[in-house]
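Input: structures, listed below.
Next come two complexes built around subunit A: one with subunit B, the other with subunit C.
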Partner chain A sequence: MTLLASYHIFVKEFVSEFRTRYALNALLMFVVTTLSIILFSIGHDSPTQEILSGTLWIVIFFSAMSGLSRTFVAEEERGTSLTLRLLTNSTSVYSGKLIYNFILILALSIIIAIAYLLLIKEFSVKTYSIFWLTIFLGSAGLASASTILAAIIAKANTKGTLFPVLAFPILLPLLLTCINATKLSVDGAFFSEAIKEFQILISFAIVMVTTSLLVFDFVWKD
Partner chain B sequence: MKKLTLKSENITKIYNRKTIFKNVTFAINEGTAFAITGKNGSGKSTLVKIICGVLSPTKGSISLSVNDQPILYPDYYPHIGLVSPYLNLYEEFSAEENLQFIKKIRGLDSTTDKFSEELLKEFGIYEHRKKEVRNYSSGMKQRLKYCAALLHQPPLLVLDEPASNLDEYGIEAVRNRMKLQKQKGVLIFATNDKDDLQFADTIYDIGQLNSGE
Partner chain C sequence: MKIWLKIAVSIWLTGIIIAGIAFPMVKAPETWWQFPLIPGLEEKARNIIFHVPISWATVVAFIMAMVNGILYLRKKDIDYDLRSVSSAGLGLLLCVLATLTGAIWAKFNWGSFWNWDPRQTSIFILLLIYGAYFVLRSAIDEEERRATLSSVYSIIAGVTVPFFIFVMPRIMSGLHPGSLGDEQGKGPVLEFKMAPNMLIVFFASLIGFTALYFWMYSLKIRTMRIERQIQQQIEIN
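Presenting the complex of A and B:
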C-alpha cells in the first residue's frame, strides 16, 4: 500500500509538473542564465580544471535550489497538502516526492553536464565512469537533503530565501566531495582512486534518507 | 459501514502562545450527528483538523475506534472523509482525474469507478467531469470536494462549513448526504448556519456545551 501510494504520488507530481511547469521553467531558465554568465566571464581565459569542476557544481546546486522546493511549497500554496495528509501516510508522501525530486535533479544534472562539456572547451573529462557516477550520486544526495528541507520550509513565511540558506551547510560536505570526484575525473584518475568519494556520497544519501524518514511525520503533520 | 466511536479527552490547543480552546471533551457514537459551533476565530476549524488527525492537540488526546478496535494516528485517514475550506483538490487535473488519483492512492478497487460516477451525478458535476478544476466555479469545487470525501465511503464524515459556496441544488444534495451519513455512520460538522444545526443530535459550542438539542 505504501509503495503503491508512493508510486501514484510520483506519477501525480510528474503529470502536475508538466501541466503547471512550476519548477521546470525556473530550473531551465536558471541553467541557461548561469551557463551564459560562466561563458561570458571565462571569455578567452583558461581557468584551471579545479575551478571548472567547482563552477559545474555551483550551477547544479543553485539550479536545484531554485526548483526542488516547489514540490512541497506548491502543495502548501494551493491548499492540497491537507488533501494529501488525509489520503495516505507520511512515508508514502515522502517517498513519492523523494523519487520525483531525484529524477528531476538527475535529469537536470545530466543536461547541465552535457551543456557544460559542449560549451566549455577547457573542461575535458578523461574518466567518464567517475564523472557520470558522481553526477548520479551527487543528484541522489541533493534530492535526499532538499526533499526534507522543502517540507520544512513549505511551512515558513520566507520560503524563497530560507531554502538555499538552510540547504548550504547541510549540502557543503556533499558539494565538496562532488567537486573532488569531478576533479579526479578530469585529471584522468583510475576508478579505484575515487572509491572514497563514492563511499561518502552513498553514505550521505543513506543518512539523509534515514533521518528524513524518522522526522518527516512530525514535519508533515503540523 | 463500520461501527465507529470517537472520543476526545481534555483537548487544548495553544497557538502562538494564545489558547484557542481548552479542555474540549466529548464522545461520539455510531448514528450520531455532532455539530461544532462558535463565533469566528473560536477554533472550530482547528478542532476539525485535530479530529481528523492532521493537527496535534497541545494537550489532551483524541481516540478513534472502528469495530471496537482502537485506531492510532497515522492510520486515521482511511476512516475519515473531510470537506473543508482549507482542503483543495488539484486544479490542473479534471474532476475525473482527481477522483482517479484518490481512488488509486487509497487503494480502492474498480467498483469505485461506478460509485464515483454516481457521486458526480448526485452533486451535479458529471457533465463537467473532464474539465480542469481550475475552470470550476467555487460552488462546483465545493461539490467536487464532497465527491472526493465520500469516494471511500468513510464511516466518519467531517464537514467544515458544509454549505459554503453552494447554491440551492448543492445545499439540497449536501443535506441529503448529511441525513444519510447520520444513519450509516458518524457525522461531525462545524457551522453557525441554523438550518444546518437542525441535523445535529448534539451541539458543541466551543466555550459552552449545549447537549441534547
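Presenting the complex of A and C:
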C-alpha cells in the first residue's frame, strides 16, 4: 500500500515537472552558467586536479540546492499539501519525493560530470569505476539529506536563502568524502583503495533516510 | 540548583583554574603539585585543562539540545523547546570559546591559527550547525511550528555528528592526537598518556565544566520561562 502510494507520488512529481519543465530548464541553465564561469576563470591556466575535483562538487552541490529546495515549497504554494495529507500517509509522501529527488539529482550530476569531463581538459579521470560510483552515492546522499530539509524550509518564512544555510553543515561530511573519492579517481587509485570512502557515503545515506523517515511525520503533519 | 551545589562548583572550578595555571612544570616532578614538562608542548600543555573540557561541554550542550528536541516531539510540551533553545544558546557560546582556545593553542604549537585539521573542521561545522539552528528559529513566527521544526533540525544535525567525530579524523590527516598518521591514534578516544596528577586535574576539570554548563543551563531555562510569561502577559493586555 505504502509502496504503491509512494510510486504514485513519484509519478505525480514527474508529471507535474514535465508539464512546466520549470525546475529542469532552470537547473540546466544553472549548470551551463556555473560551468562557463569556471571555464572563464580558468582561462589558459592549468589548475591542479585537487582544485578541479573540489569545483566539480561545488557545482553539483549548488545545483542540487537550487533544484531540490522547491520540492515541498511548490506544494505549499499551490495549496496541494492539504490534499496530499488527506489522501496518503507521510511515509509514502517522503519516499516518493525522495526517489524523485534522487533521480533528478543523479541525472543532473551525470550531466554535470560529462560536461565537466568534456570541457575541462586538465581534469582527466583515471579510475572511472570510482568516479561514477562516487557520483551515484554522492547523489543519493545529497537527495537523502535535502528532502527532509526541503520539508522543513517549506514551513518557514524565508524559503530561498535558508536552504543552503541549513544544508551545508549537514552535507559537509558527504561533500568532503566525495571530493576525497574524486581525487582518488583522478590519481588513478585502485578501486579497493576507495572502499573506505564508499562505506562512509553509503552509511551517510542510510542514516539520513532512516532518521528522515522517523521525523518526517512531525514536519509534514505540522 | 541548590545553593550548596553552586558554592561547591565555584570552589571546585577555582581550584582547577589555580591548579591549571599556577602549578609549576618541571623536568622531574617531585611533589604532587608539580606537572611534568612535556617536550614540544612545555607550558602550552596547560591549555588541555581548559580547551578539552570546554569542547566536551559544547558537545554535551548539543546532545542536551537534541534530547530535549526529541522529548518535545514526543510530548508536545513547549517547556522542552525552551530547554532545547537554552542548551543550544549555551552550546554556541561554548563552541566559540572552544574554537578560540583551540585557535590560540594551534598558533603557538602548530604555527597558524587555523589549519583545517579534522577536529578544527568539526568544531567549525558545529558552529555552523548552531548558527543554522538559530537562523531557522528566527525564520518562523509561530511558536509551536518553530519548536517542531527546530527540534527536527537538531535531530537531523545530531545524526551527522558521529561522522565528524569518528569518521573524518580517520580519513583526513590531522594534527590533533588520534588523527590519521599519529601512531598513537588507535581509536576515537585517546589513550591518555598524562602524568597521574595532571590526569586528575584534567578529569576534575571535565566534571567542573560539565557542572558549570548545567548551572548556566538551569539559569538560562529560568530566564527563558520568565521571558515567555512576560511575553504572554503583554499579548493578553
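Please note the rule applied: the second predicted complex is superposed on the first by the 221 of 222 C-alpha atoms of A that agree within 3 Å, B and C clash if a C-alpha of one lies under 4 Å from a C-alpha of the other, contacts with A are read in each partner's own complex, and residues count from 1 in each chain.
What we mean here is this: contacts are C-beta pairs under 8 Å (C-beta built on N, C-alpha and C of every residue); 3 or more make two chains touch, one makes a residue touch a chain.
Bear in mind that the values here come from a model prediction, so they are computed numbers and not experimental data.
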{"item": "First (subunit B), second (subunit C), both or neither touched by A:I51", "value": "neither"}
{"item": "Which superposed partner A:A5 touches (first subunit B, second subunit C, both, neither)", "value": "first"}
{"item": "First (subunit B), second (subunit C), both or neither touched by A:V219", "value": "second"}
{"item": "First (subunit B), second (subunit C), both or neither touched by A:T83", "value": "first"}
{"item": "Subunit B versus subunit C as contact partner of A:T20, first or second or both or neither", "value": "first"}
{"item": "Contact residues common to both interfaces of subunit A (with subunit B and with subunit C)", "value": "222"}
{"item": "Contacting residues of subunit A [partner subunit B, same complex]", "value": "1, 4-5, 8-9, 12, 15-16, 19-20, 78-80, 82-83, 85-90, 92, 217, 221-222"}
{"item": "Parts of subunit B lying in touch with subunit A, wherever the complex brings them together", "value": "49, 52, 54-56, 74-75, 77, 80, 82, 84, 86-93, 101-102, 104-107, 148"}
{"item": "In the complex with subunit C, residue positions of subunit A that touch it", "value": "145, 148-149, 152, 155-158, 162, 165-166, 168-170, 172-173, 176-177, 180, 196-197, 200, 204, 207-208, 211-212, 215, 218-219, 222"}
{"item": "Touching residues on subunit C, where the partner in the complex is subunit A", "value": "73, 121, 125-126, 128-129, 131-132, 135-136, 139-141, 144-145, 148-149, 151-153, 155-157, 159-160, 163-164, 167-168, 170-172"}
